[in-house]
Every structure is written in structure tokens, then in C-alpha cells.
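What follows is a pair of complexes built around chain A, which joins chain B in one and chain C in the other.
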Partner chain A sequence: MATKGWTRREFLRGVAVAGAGLALSACAPKVTPKPAKDKIVVGMSRPLSGPQAIVGDSAFRPVYETFVKEVNDAGGVYVEEYGKKLPIELIVYDDKTDVGTMTRLTEKLIVEDKVDFLWPACGTSFIFAQAPIANKYGYVLITAEGGATTIKDMLPSLPYVFVTLSFSDWYQLPVLAELLSKKGAKTAYIAYIADLHGIEYSGVAGIEFPKVGIEILGVKSIPPDMKDLSPIIRDAKAANPDVFCCFAYPDQIMPATALSIELDFNPKAWVGGPGVNFGFYYTAFGPATEGVIGFTSYSPKQSDAARALAEKLYAGKPIDVQDYWGHPLYWAGLEIWKQAIEKAGTLDQKKIRDIIATERFQTVLGDTWFENGLLSKDCHTGEIGQWINGVYEVVGPEKWATAEFVYPKPPWPKG
Partner chain B sequence: MNTRKNLRQIWLLGLTLIFLALLATLPLYAPTYTIILMTSILMYIVLTMSWALFSAPTGYISLAPAAFFGIGIYTSAILGTRLPLPAVILAGSLISFCLALLIGALTLRLRGIYFAMFTFGLVELIKNFWLWYEIQFTGTRGRFVIFVDNTTIYYVMLIILALLLLVTYLIRRSRFGLALRGIGECEEAAAHIGVHVNALKTATFAISAIFMGAAGAIMATRWTYVDPYVAFNPLYSFMSVLMAIFGGIGQPYGPILGAAIFAYLEEILITRFPYYYMLIFGIVLIVTVLYLPEGLIGLVANIRKRVAGGQDALA
Partner chain C sequence: MTIKIIEVLITGLLMGGLYALVAVGLSLQYGVARILNISHGEFIMLGGLTTWALYTALGVNPLLSLAICGPVAFILGFVIHRTLFKRLLASSASPAIFESNSMLAAFGLMFILQNIALLIWGPEIRGYSYLVIPVHFLGTLFGANRLLTFGLALVIGLGFYLFLSLTRTGKAIRAAAQDPPTAGLMGVNINNVLALCFGLGAAMAGIAGVLISMCYPVHGVMGLEYTIIAIIVVVLGGLGSIPGSFIGGFILGLIGSVVTFFEPGLALVAYYVIFILLLLVRPTGILGR
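Let's turn to the complex of A and B:
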């Protein structure tokens, strides 16, 4: 049979087959009986590949990685029924930014891996699909990236789900409208991305702005795949509004900013988000960011705890990785998770849920609690941010402001 | 020779039936997650096989599976609360069928890369049209789908697969299938000998869409929440093509093998090696394209030939 040696092609085929075989055998079912508890296993389905990977890797991932390291360095989470501290062990799967895969992996984590806790998937539609599953199996789910007005209506039917991120009418745009009207803004122009996020924000602005006497001169939607925004910026410039809002993602916010500078479109207020709230916005535009408005939830200047969090997450890293909107809220969510376990003294989901739903916790935001499944808006230590002298300050609500709201913003620097 | 071929056919049929029977009893003893994973693998098999039903014999590369799959998903999202499950799935397949009929009649005159581009554009077109429609007229931004238990979803998917196998078998051994292969070999020649080229292509394209729509309608109930981006995800078009090529499109069993192994391999990679998933996946694809141009089926055939050749030499 073997009359001649293997050719390279045959060899490579062999290798390919052997590789596939190895991979198959690697997945033989593990039958390790659970010993007495020596760790808390937390499972997550995250977009490690696909279009959302960049979001997931810069939003919740640095937060949970830092959190797990900090907790484990201190020995873990104290659970009374075991009489000791249990370190956190993470199981992370890649959902390829596909909702179908995410729902499957979520059920795998629950029914097969029998993880002790579930941490959230990434993105609004992902948490919409994940929340009913977590709730069905009675797993507490404190979400990170994502949140929308529609989830508010669902939350009463999802007692195990808790949403941390702030959003349009919770309580960003009412605060923005009030800030602007106090400074005398009369007209606004809104550009929004034609997806769930953009529709929601432009819809809420359409309610909140007229309430305080700001007339909306124009509303234009940006198709999600459109990259050339010049017709929209030109149209906005022709309308000559006091306020320009661009409710889209960094992919559109960045070129919209660049075009506004290029076309010398200088409204008295330029609002963009999400995008303006990231460190990389400053890296890209430097002094031109002066006066640009975005969303936020805290400033390191507000308290020692806030400063310590910024130090933990950002020290020694480029300014690009900073996110003043999401990071503190996700961190607070994890702190609540840990404190609720310690208060419950058990890993029983029902008891932990009841504690999260009813009690108050001390987090980076100060006194923190959930209200009907949403992180109470009274816990947000800021809603509206503005770049002032190269620092992303909280300017609204006034109670939390770290700087005076600048209106009108200075014109874009020339040259 | 003929009896040998018949024997082989009977053997394959028997094997298929045994395999289907095994799959049908799976929920009796398998753990829950195995059922969930198998449902997803069956879904990929259905998508890949129905893609191959049209594209393998004709040589037209369609990137439309995601469109018909998405139609099924949305049918389920809209009708799920109003109609019983079988009616919802039937509706999903029928709507996909009608749409494919329309699209096929309009565009199957396009050939080669133009057809591929059009079908890819179709997914984007439906997605954006639907997004626009939802925003303008219904004001919904996404929809929640009814819950169906895992075992039911599994059985529905299995029934869809069994029907698809039957249809594939019937088409392949009919004059219809022969004419399709004729189109793949040389479309002009087929037209000259009296084959109704466009009607045949359109009909097959539409039949394949039935199964994609049905798969989408039942899968949606597992996903619980859909929006146009979730439903019309081009990933599902590419996966169908990749899996079919991986398995080998020359033989009916190629796409099944390709989809099953590919889906399983992917599951292992995203759970065991999540941080290297894309890297390993890419390497597997490159190796396949470079060294297994006829897919796994080609590899199996090669090995068999070699073994048989060795026996002959010994004799």
C-alpha cells in the first residue's frame, strides 16, 4: 500500500484531519463532580469577534477585568454559608456579535456549565434577548452596555434583571434641555442614526426640547451604513440652529465633528453621543473639543472614590481608553453584585435578587440602589458632560456639576 | 454495476433513516444543552442544504439565505402571538417562497458574480427597508418573540430537515434535477435542448427558500428578541456558503457533513478558545481552500480510492 512516501499535500491533509480530530476530542464531556465550594464561577457571553468586539473590549471588559483582579487579590467574595472568601473565576465565551449564538451560549452557561452567576452580554438588543432567558432560569442579571426606553416597560415582568446604564429619558435629555433653555437656547437641529438608539434619542429630544421652549428646526436621519455626512452638516448649517445634536455612534460622531470644523459650522451648542464621552475623542480633536457636549455619569473630581476608580482603570494607560459614561455605572453594578452576595451570605439567586431589589449599597457613586429594575437616576453623579480646558467635566445636573456650563461654545479653532 | 449502485443507494437511505431515528430519540436521554446545541447544528444543516439545493447543481452562488432566514424570523415575531406554531412556520416558509419566486423571476437572468452581488444586496435591502418600515409605520424598534420550549424547537427543526432531505432526494433523481445540472454544465445548451431555464431556476430558488424561511421562523423563538439587524445578519449567508464548500458541494452529503462539523468546530472554538476563535477559524478555512478544494467529501473519496487502489494492487 505505502509504495511511496507522503507528499507535502498528503501530509498537510493529514495534519488538517488530525487537527480536527484533536479539536473534537477536546470537547468530550467533562464529568468532574463539584467539590465543596472553593470559588464563584461567573459566566459571560461576550463579543470577542465581530462588529461589536471593539465596543465590548473598551466598555465592560476593562471594568470587569479590573474588578475581578481587585476582588481576587483581596481573597475573593466573603460568603457566610461557606465561612470563607471565594475567589471569582470567569468563563468567557465568544458570541461573534450574533444574538442567536449569544442566547445559545447563555443557556449553555446556565444549564451545562451551571455557573454560579451570569454577567451581561454586550449591546442593547443583546441584553433584550438575554434578559428573558436569565429571568426564566432565575439568574440575577445586572446589565452593562445597553439600555433603552423600551426596556423600562419590560422590567416589571423581569424581576431578576437590573439595568445600570443611563439613557435618553433616564435622565440625560431632560437635564440637557433644562441646561440649554436656562442659557437661552431657542432652536435646535437633530441628526440621528436610523437605528434603535438614534430613534429613541431623537424621539425623546422631540418631547423634551419643546417642553422648555426650544423649537426643533430640522430632524434628519443618518442611514447606519452612511459614512459621508456632509449633506446633513450642510443642511444643519443652513438651518442655523442654536443647538446641534448628533445622536449616533463614534463612527458618525467623529466625521460629523471633523466636517463641522471643516465647513465652519459653529452652533452655540454641539451635542454628540456616544462618542464625545471617550478619551479618544480628545486624542483626535485636541483643543477643538472645547465646549463640545456629550453624556456622562461621573467625574474623578467628584469624590475620593471616583478618583480612585479613574486611577484603577486608567493609570498608566493612554487617554483613549477613558469612558466617563459607562465605566462608573458598570463598576457600581459589580460592587452591588458583590455586596449583595455578602449581605445574603449565600449564593442563592432568589435571596440575592431580593436584596438587590430592595436595599441600598455604597458604591463609587455613593449611596446606590435600583428602582423598579433601573439604577435610580438619583444615583447618577452626572448626565451631561462637556470638554472644558481639555477635561471632560460634568456640567449637568447642577447638583453634580464640576464646572460651569459653557454656552455658547467657542468657535472651532482656525487652521 | 447497476445493482451495485442500487445497493449503495439502499444502504445510504437506510443509514439516513437510522440517523434520523437516533436524532428523534435524542431528547429522551440527552442533557438539555445537547438539545440546544443540536438544534443549532440542525439549523446550519438546513440552511446549508437548502443553499446547496439550488446553488450546487446550477453553480449560481446565492448570498440570499440570510434574507429568507430573516423573513422567517420576522414572520414568527409578528404572527407568533396570533397563530399556533405550525401555522407560523408554514407562513414563514410560504412568504419566503413567494418572495424568492418574485426575486428569482426578476433577477435569475443575472449570472456569476452579478447574481452573487445582487443576492448580497438583497439582504441589505430587506434589512433597511424593514428598518424604515418599522420606524415609519409601527414605531417598534425590535420585537419580542414567543417562548417555545427547547425540545419542541428541536423536533420542529428535525422535521424541517427530514422534509428537506426528502425534497433533495426527489429533485436529484428526477428530470427536474437532471435539467438543473444541465444548467450548471452549460446554460445555453440546456436552453437549446428545450429546458425552460428561467422557470426551472426560479422554481428551485423558491423551493430552497421554503426551508430557510421555516428554519428562521422556528429559530426566532429561541432568540426571544429580534430587530432588523439581528434578523437579517449576512453572517448566515456566508456561513451557508462556507459550510457547503467545507463539506464539498459535489455530493448531497457534503453540505450535511460540512455544516455539522463546521458548526461543532465553531462551538468548541468559541467556548474553549474564545480569544483565538477567529485565528484558528481562519487557518482552518485557508487549509480547506488550499488543500481540500472538493471539501471533506472529496477527502473521503480520495482516501477510499487510495484504500481501494491498495487492495487492487494486492490482488
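Let's turn to the complex of A and C:
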């Protein structure tokens, strides 16, 4: 019994036939119709737990939740190529405030879940790590929480990335420096969180403050795991500065405020953020917040659109959920996202990206557009905020101010 | 200059008092009951968040919360040991296998407790102001809340030490720490003592959580940081030595404060350097045998 295998000739013939078949099938015109689509799937990696959870929960989350509900209640986003409105479906993963986990989840969303759109992660170092991934896969990424002092020089090579939030030199600290110097501040002390956010802000303050004649008496970094901030507050107090800046997160801003009260450290200006701009800061410290300075981008007093947004996001909820720095900018970002899809009439990322990069949109901020990947600073309606009589007012720049800048701030209440 | 030195030393002692309390709890669980309780910090977190919730919702004085959180944590710990770890102990072939099995179980416990807390309180950072009043002390200023927590940590630590050295139960615990099988042969109900140790460890963590919440913000995933510090302190003080853990806590607090004075970023590095040096020079710890 001859169990003869394939001869070489037979094998080659087989391969040739199979190869030709494959080639032919590849050349055949694609007849698959556009698969019916009944929703737009949006994926996100968010800090649902971990130290940044408080920022994520207070900043972008209420905005996207309200936005998605509003859009879906109206039927969804109209996409011309499907001839109908498609509702938004969210996939949200918890990155536990870990950059490494966030990058893996972002790739999973794109490669495995094949989401239609990516919405942003939370935090300066997070968007720094996420932007190149989104860009690599050609996914439009309109960022939310996070500054971009470092990434902005890279934006020309990241055409799919758009930054909404205002940040250090875009152009909060120049405005702050000007406000302070006008009131006669001469010296400052800076404490900053030892991560990209802190490094960016302390670095820019180190440039902007001396420009207006404010001398920097001391700079201390705060490691994220530091429990007891009292050595830093004591050091700051010993330096006796006019201005104290704490460029860190609520995890540090809250104890730094409590320690300043405890140790009777009363600088003429107390600046902190992100943290001071959230409603929960007022809930925690009440009247002691009087005169404390933070970052902002709007006040509901400024326009009907602003008031309507505040109404939409905050009505009937505790003051804790308010955020006057990020909310309007993130909302505008989502409005631009929706309008760009409707203008493009397709879910094609490239076409949507081109529209976002070049066109103007009507949002809660009014006429809104991106300039080299950054939300134009001409769209901002405020940079510096201050707690005055229990209200977080815009105090700078002056053309947007809703209240007079208070300097020096009153001392902490006793007892 | 002297004021500076006093400030640095006292700041270290204030922090050290809390570390000591946290570590004494873990020492009971790891040193005596041989459970490397990774979820130790979660009991701290539960104590802290419960105190916050009671204070903000009902206006319960945090000092009163001590009397609530301590016993509740004790019962929780006791029951967990009786149900979970006793079974593991019986089914593990050797002490080494029990140590690894119980650590894995403790990991699971950590995730369960953490997620329960996240479900109840969410991930937000919670804080309240209690006795945030400057107090003049040795020529410098300290928060009244910090001095109070230090005093309480000291009193609780010393009280516990007296309990261990003067009472019959304390003697049984010490015997179980030295040699569990022999202690069992001498008539110590070893299962009871181990559950008691685990429960007391949880109570210490709960109490530490109450004290921590008076000075620092608390949140659902704060536990692990404290667990790591506690592990360092327990090894520093010597496995199974309660006074060693207490002293170790103060040493770590002081080192942290001194290093922070020069460069805050190096505090955690300093802890680990101490840890490595100790393992090289005196692997049994300060008071270990």
C-alpha cells in the first residue's frame, strides 16, 4: 500500500491555484453594503477610583452624563450617511488613576471594542499619554481635564488632538501675575504636586511672576503620597510671602487649606488648583473660603447661555457638584464634537477632524474655534476665580470680571 | 533654629503616633495570627469614612465615633477570622502555605471592602473640620486636632500594652505569638486567641481611622498606603513584638518628618532605605528575636 504524499509538482500547483483564487477574490469589488448602524459607541478610560476620582467625578463626568442624556432624549446625533439620528452609547472603564492602565484601556477601546469615538481620560499626565495613542489610530480626541503646557509644542504632529481646558500659560498665570502685581504683591511661595501638572504650573509661574516684579521666595514639590503637608506650610509661613500658590489636586489643596488655618498662615493671596474651583471646596470650608483664589472659565452671571448651562448641570443638586473652571469648556468641546459630526455627515474621523480644525462653532461660549489644536483663548470667558461672599466669581481678566479682585484676602476666621 | 528642630521633631512624633497605632494592629494580625492582612488599611478607611458620615450627617462627635468604630471593627474582624481564616488555617498543610493563602484571601477582602465603600460613599475625598484651631505649644503652633490624636494614640497604645502584659488574655496572646502549637498544648484556646488578635487588630485600625479622619481627608481607596506603612513598621519593630511596632511607628514618623524638612519627595524613599538597611543589618527588627 503506497501512502504517497504530495509530490513537489502537485504541491506547487495547489499553491498556485489557491494563490490565484485569493488574489481574484481580493480584486472582486466589495459588495458589502454599509452595515446598518443604530448607535454611536463612545469609549472612555476614566478614574472611577483612585486619587483622581474626585476630579473625574466633579469635572467631566457630570458634563458628559448630562450631554449624552440631552442628546439621546432628542433622538441622538444626526448622521447623514445613515440618514437618521444615532443615539450615543457609552463604554466607560475604570483606570484607577493609573496612567499605564489608562493607556492599555485606550488601546483596548480602539482595537478590541472598536468604538466609534474616544472621549478623554482625566489629568495632565493622562492626556499627555493618551494623545499619541489616539493620534496613532486616527481617532479624534477632544480633551477635558488636563493642562497642555508640555504637549502643546507637540500638537502640530498630533493633528487629531484638540485641547479644551485653559491652563497655565494659556493663559491663566499671566492674568494672575498681572492681577497680583497691580495690587502690589511683591513676593510669592510656590508648592506644587510632583507630577506633570505641578511641574507645568510651577514652571510657568517661575517665568510669569518675576516678569511683573514678584520675587519667588521658595519652591517646594509635594510628592503625591505625602500625608502631612505641615512641613511645607510651615516653610511657606517662615518665608512670609504675599502670595501662596499650591498647584496641586484636591487631595493636597484640602489639607493645605486646613493646615494654613491651623498654623495661622495668612498670606495676602492664597491660590490653589484644581480644587478651589469645585463646589465641594466651599462645602468643606464655608466662610473660610473668603478671598481664596483658583482658576475658572466662566460665571453664570456672564450670559444667558452660561446661566442655562449652570441651570442644566447644577439645578437641584448640592453645591458640591459645581465646577466653574472646566464645565463650560468641556461642554463646548462636546458641542463641537456633535456639530462636527453633523456637518461631516459621516463618522469618518479624518473628515470630522478637518472640520474641527478649520471651522467655527456656536457653543455655550459663543463663537468657538480651535487654534493649532488649542481652544482659542479668545473663546475663554474668564481665567482667575475667587470666592467672594460664598460665590465663585470671575476676577480676571478684567473684561470678563464679575466682581472686584479682593486683595489682601481677609485672614482665616478664628475657631 | 531650635524652634525649627522642635517643630520637625514634634511633627514627626504626631505622625508617628498614628503610624504606631496602625502598626500595632497589623502586628497583632501578622506577628501573632500570621496573616499578612493586606486589607488592614481598609479597616482604617472604614473607620475614617464612618466617622465622617456620622459627623456630617448626624453631628456625632468624632470622639464618640471612637467608641462606635472600635467595637464594630473588632466584631467584624473577629467574625472574619472565625469564618474565613480559621477555615484556611485548618485546610493549609503548613504555616508557610497558610501565610500565602491567607495573604491572597486578605487581598480579596481588600477588594470587597474597598468596593463596598465605593458603593456607599463614592470615590470622593471626604474631610471635615474638627478642632482646627491653632495651639501654641513649645514656642510654636500646632493644630489642636493633631495634638488630640497624638494624645489618644499614646493612651490607646499604652493601655493596650498594659492589657497585654497584665491580663491573662494578654499572656495567652503573647504565648501564641511566641509559639502557637506549644501555647495550644498549654491549654490556650488557640483559635479563640487568633480570632481575638485579628479582631483587636481590626479594632486598632478602625480607631486609627477615626483619628486619621480628624486630621487628614479620607476616601475609599486610601487603605493600601497605610497598609504599606504598617508593614514597614511591623518589620522594623520586629515580627510579633507589639512594643517594637509601637516604637517603630515613632521612628518612622520622625524619619519621615526630618527627611521631609529637607526634601518632601524623598520621604517614602527614606522609608524604603531604612527598610532595606534593617533587613541587611538586623533582619529580626528592633525588638525581634
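We take it that the second predicted complex is superposed on the first by the 368 of 415 C-alpha atoms of A that agree within 3 Å, B and C clash if a C-alpha of one lies under 4 Å from a C-alpha of the other, contacts with A are read in each partner's own complex, and residues count from 1 in each chain.
In this text, a contact is a pair of C-beta atoms (placed from the backbone, for glycine too) under 8 Å apart; a residue touches a chain by one contact, two chains touch by 3 or more.
This is a predicted model, so every value here is computed, not measured.
With both structures placed on the common chain, the touch criterion links A:N266 to neither chain B nor chain C. Once the two complexes are laid over each other on the shared chain, residue contacts for A:S303 go to neither chain B nor chain C. Of the two partner chains placed by the overlay, only chain C lies in contact with A:I232; chain B stays clear of it.
In the superposition on chain A, no contact is made by A:T346 with either chain B or chain C.
If you count the residues of chain A touched by chain B and by chain C, you find the higher number for B.
In the superposition on chain A, A:N72 makes contact with neither chain B nor chain C. Of the two partner chains, chain B is the only one touched by A:T150; chain C is not. By the touch criterion defined above, A:S49 lies against chain B and chain C together after alignment on the C-alpha atoms of chain A. By the touch criterion stated above, A:I222 is placed in contact with chain C alone, chain B being left untouched. By the touch criterion defined above, A:A194 lies against chain B and chain C together after alignment on the C-alpha atoms of chain A. Of the residues of chain A, those at positions 48-50, 96, 194, 223, 225 touch chain B in one of the two structures and chain C in the other. Partner chain C is touched in their complex by these residues of chain A: 47-51, 53-54, 57-58, 96, 194, 220-223, 225-228, 230-232, 234, 250-251, 254-255, 258-259, 261-264, 280, 284-285, 414-415.
Across the complex, chain A is touched by residues 7-8, 11, 14-15, 114, 118, 122-125, 127-129, 132-134, 141-143, 145-146, 216-217, 219-221, 225, 256-257, 260-261, 264-265, 267-268 of chain C.
Against chain A, the residues of chain B that register as touching in their complex are 31-33, 36-37, 40, 124, 128, 131-132, 135, 141-142, 144, 147, 150, 219, 222-227, 229-230, 233, 235, 261, 264-265, 267-272, 274-275, 277-278, 284, 287-288, 290-292, 299, 310, 313-314. Note for the complex: chain A touches chain B at residues 1, 3, 9, 12-13, 16-17, 19-20, 23-24, 26-27, 46, 48-50, 92-96, 98-101, 103-105, 107-108, 111-112, 125, 128-129, 132-133, 136, 148, 150, 154, 194-196, 199-200, 223, 225.
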